[in-house]
């Protein structure tokens, strides 16, 4: 089938920063993203798990954006500003998409 | 007093907490799903707020309400300053971490408040219903003190922006607590009659499961976080509540609260936040180490208050008010 | 009547909804976990179905049951046609969206039914237990009408295939509602005695938390969806329930239902689906805009029925039946 | 006896299970969220453990406790050997799968135990409170037997390592069951009074929802797993419980337990694990097919015990003890 | 370690369409997939979140299939038929897998 | 923005094996990972879903590690030892990361 080149950006960020990130994405004209839950993890600041948590200050989510390659830099800059002083991981992968007119 | 302490230690509530603590320390896979834990906390907030509101509607609004709210705000602002100085003196913690911790101790833990209320009602002592509103009022000011402590002289003001203000003042717990307080107040005894068998009868049982979960989290916190705490910090976590309680006692007597009211103000002052303040700190002070403040608040101070603190504060309040 | 309206507005149930609405509009982060919301809805369906079944087992099966079911089906088929014409006349909505919306208004909202039942039982009025089965019967026919409206003349029949039929007729809510109705019927008063303190006593309290969540969702819907609704659409959402209720009233009188039964049939006719129909529309009519029908149903009509509609329908039913 | 069976079959609990089974077989999308199902199971474990502990604290500790625990351990070790031989004779299952299945039948299902207790208390029969501890003691030994069966002669010992030991002995269900048992024992009638309206009154209702979920899972299991079971395996799933119950009966009489105690020991012996053992098998025996043992345990033996087995075991225990 | 080339296909689709998609995949002889929950997101049809929802008509899931490159086209065609008239995003990424005999 | 080459390893494994896997990763000096929930899936051993489950023996999770390319082999070996005798899928994708100093 006909596919088109795109970039898949996955940003793992603290839940408490989620809204700030998605608002920054929207300001950078990123119109589509999905948010996946993360159950736990480990990093330089120790390991964590969401089980039994009621705290709003812990835990992370993964925000996924599929975008046209030429829009990547604007997205990364917007994301970086939010992620900069916080913990979090940003990865970019090459991918192909169906229905490119959507992006 | 000793009897009271023993009764408290051997109550289903405290033992449930101990069970959770034990399970986590023994690395059992016992766990409460996150959604269930959140649902339990919604229940507790709704119930405690509602019952507070009904109490106010029953006994009429007290002239002291305004003064009590103000006292709570003052305590919340002031206690972090004490905590900060004490912590810097007693432990090797850096300024940022110490300020973050201090913010937690000015603010309050609503579960500690719930546990205290539950001991009170077991003892047949009635407290001012509006103490729930005082609890809500004490949540936020301490955050400002903490941020001020960290940025004295420097341009730290920008750490607080409109968005963070909004998040703190309208965080879910505060809105639910004050909202259900208002509902209880409006609907009064008649409203309570309708939902009594939901928010009153099963309350202590639900609290057991909630404290089981708190024990699990505290235990996990201890395992993860004990390495980040030095002896000074642990000492702080065990003695700062006493300082807070003393301040609460003084303030409560000054206001002329009832025995129960004094005791609850002591509990609030002695307790350390683990919901609102950690969230605010992650946003405004991301460089502070969350392991430190979460472990201290949840795994040192909370168990201390639950087991030793609460009966102690009750005894002190009874002694001081002659009640 | 005014007293009734005021009592209803100031009940814990309605105030909990208002609290949720306020929290969402004020952008508080208060939220009920999805799993908890689903568990609450399972509880409500189980309880309401079971109690309906027990009522049928108590009072024997009424000769009118068959007629009432048929009346429900007829209303569910017919109301979308009315709604569609009305909506096209009053607002600028396109055919597809209007048909989708119309389908929602022929079908029913089980929470509105629960809230209505709860007002009835507060007023000490007994209704036919089988109204629960009528509610179930009214869920699906409206979907067919909506799809027919969209494809009149064209080959729209294929929008309904066996799989979608299966999904609609065996959707979880219907199965649970009818299943627990059957269990209540079979086990009767003896069965009820065993689980009464689970499904009766705490019912109203659970409903409060559920309505808090409905308020949160309605408020979020308003924030997201208000831009897609013109004044005509909002007018529709506030007046179509009255047309539905009038139809329900006529039908109820025709059937000779009791005051409570008439009132519940009005509530069912006046309410708009937000579970079964939206799901069917996403499958069979994906080109219709979900923001429109969800916002109208959840954020306009549901609050209207909860606050103003229910007491109004009760007053009308009492007046019309002389009950 | 027939009356007892009919009463049991038409109880809300069993009918809720049947409803879930029906919904899953009819491919309805009815489902209980995972978090809610886990919360319900925490509740049931906490309640049943606590009540067992209170019973022990009420009636004093029985000289037979030690013997009963030992008997449970022996049954749990021995039953898998019987099950293995029987299964290999009656079905074409391979050694590994047969050993895995056998392990499940030596261990226990706590919901079956809960359902049995609930039938007992409906019948007004009191059982030894410590049967809860016997249930816990019977969970693990069967796992060792299963692993021994699979590796006879070969170097299978290494399948059990310290980590797996730890997981089995401190799995969440055991810790919660024994922990709440201890809490009930320590706090006694006074503790029970505080949380009675949480763990006693709504118990049967909660059990209904839990069994609805069990029905859903059993139904899904049947749909997925029925192809992996031959007639012999199904025959095993329906008759092995009788063999287990017979062993439990003998052991119970030997110990001189009360009628209720004998019946519960029969229930435990007749039931098959679906929480602890499957988890252990996935770790230590990943080559065994989980569809086989889960389907047999959950979708064949559990429904059999719930509907036919429990009243049968009660009748047998009454006949044998003359109670 | 020895790895083999494969394709990672990630399909974000409405929850209500999940069963239709997985049945289509099975008809196209795709034998393995995993389904991940999605908590929320935003796109041309607005933003959404699962919090507090009881509705069955809203919300999305992410279906992940790892397949041999030569099977990609059959999969995409099967998926496209389901996704076509619905909202949803399909991406394809090159990846390496361990234990290729499993795919 | 400045990005750096890295590898994205995604391991879908039984929940009951999660702790064994993350401990193996830690022994192999993998310091960061995130764990995502998986709701259901299908494979050679049949299909499954987490709905309504209380069993600890069923269900899977997805462990994601972003690592420097030169650390890939050590990671795969550690993971393979755990996954070997169990069901599970391991994929490796090339990606770019921001803030490479973190890995």
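Residue numbering begins at 1 within each chain, and the chains themselves are lettered A, B, C, D, E and F in the order written.
Definition applied: a contact is a pair of C-beta atoms (placed from the backbone, for glycine too) under 8 Å apart; a residue touches a chain by one contact, two chains touch by 3 or more.
No experiment lies behind these values; they were computed from the predicted model shown.
Engineer: Can you name the chain that lies farthest from subunit D, using the mean of each chain's Cα atoms as its centre?
Structural biologist: Ranked by distance of C-alpha centres from subunit D, the top chain is A.
Engineer: When A-B is set beside C-D, which has more C-beta pairs in contact?
Structural biologist: Counting C-beta pairs in contact, C-D comes out ahead.
Engineer: Report, in whole Å, the distance between the mean C-alpha point of subunit A and the mean C-alpha point of subunit E.
Structural biologist: 18
Engineer: Once you find the CA centre of subunit A and the CA centre of subunit D, what distance in Å lies between them?
Structural biologist: Whole-Å distance between the two chain centres: 45.
Engineer: What are the residue numbers in subunit E that touch two or more other chains?
Structural biologist: 36-37, 47, 56, 93-94
Engineer: Please set out, as single numbers or ranges, the residues of subunit B touching at least two other chains.
Structural biologist: In subunit B, residues 29, 31-36, 38-39, 171-172, 197, 201-202 touch at least two other chains, as defined above.
Engineer: Chain pairs in touch?
Structural biologist: Between chains, contact exists in these pairs: A-B, A-E, A-F, B-C, B-D, C-D, C-E, D-F, E-F.
Engineer: State the interface residues of subunit D toward subunit B in the complex, per the touch definition above.
Structural biologist: Interface residues on the subunit D side: 33-36, 38-39, 42-43, 46, 50, 166-167, 170-172, 175-176, 179-180, 182-183, 186-187, 191, 194-195, 197-199, 201-202.
Engineer: Hey, which residues of subunit D end up touching subunit C in the complex?
Structural biologist: Touch residues, subunit D against subunit C: 10-12, 15-16, 19, 22-23, 26-36, 39, 122, 197, 201-206, 208-209, 212.
Engineer: Which positions of subunit E touch subunit C when the two form their complex?
Structural biologist: Going by the criterion above, the answer is residues 14, 16-17, 20, 45-47, 49-58, 85-87.
Engineer: Write out the stretch or stretches of subunit D touching subunit F in their complex.
Structural biologist: Within the complex, subunit D contacts subunit F at residues 31-34, 37-38, 41, 163, 171-172, 213, 216-217, 220, 224-225, 274-276, 278-283, 286-287, 289-291, 294.
Engineer: Looking at the complex, which residues from subunit E come into contact with subunit A?
Structural biologist: Those residues of subunit E that touch subunit A are 12, 36-44, 47, 60, 62, 73, 76-77, 79-80, 83, 89-94.
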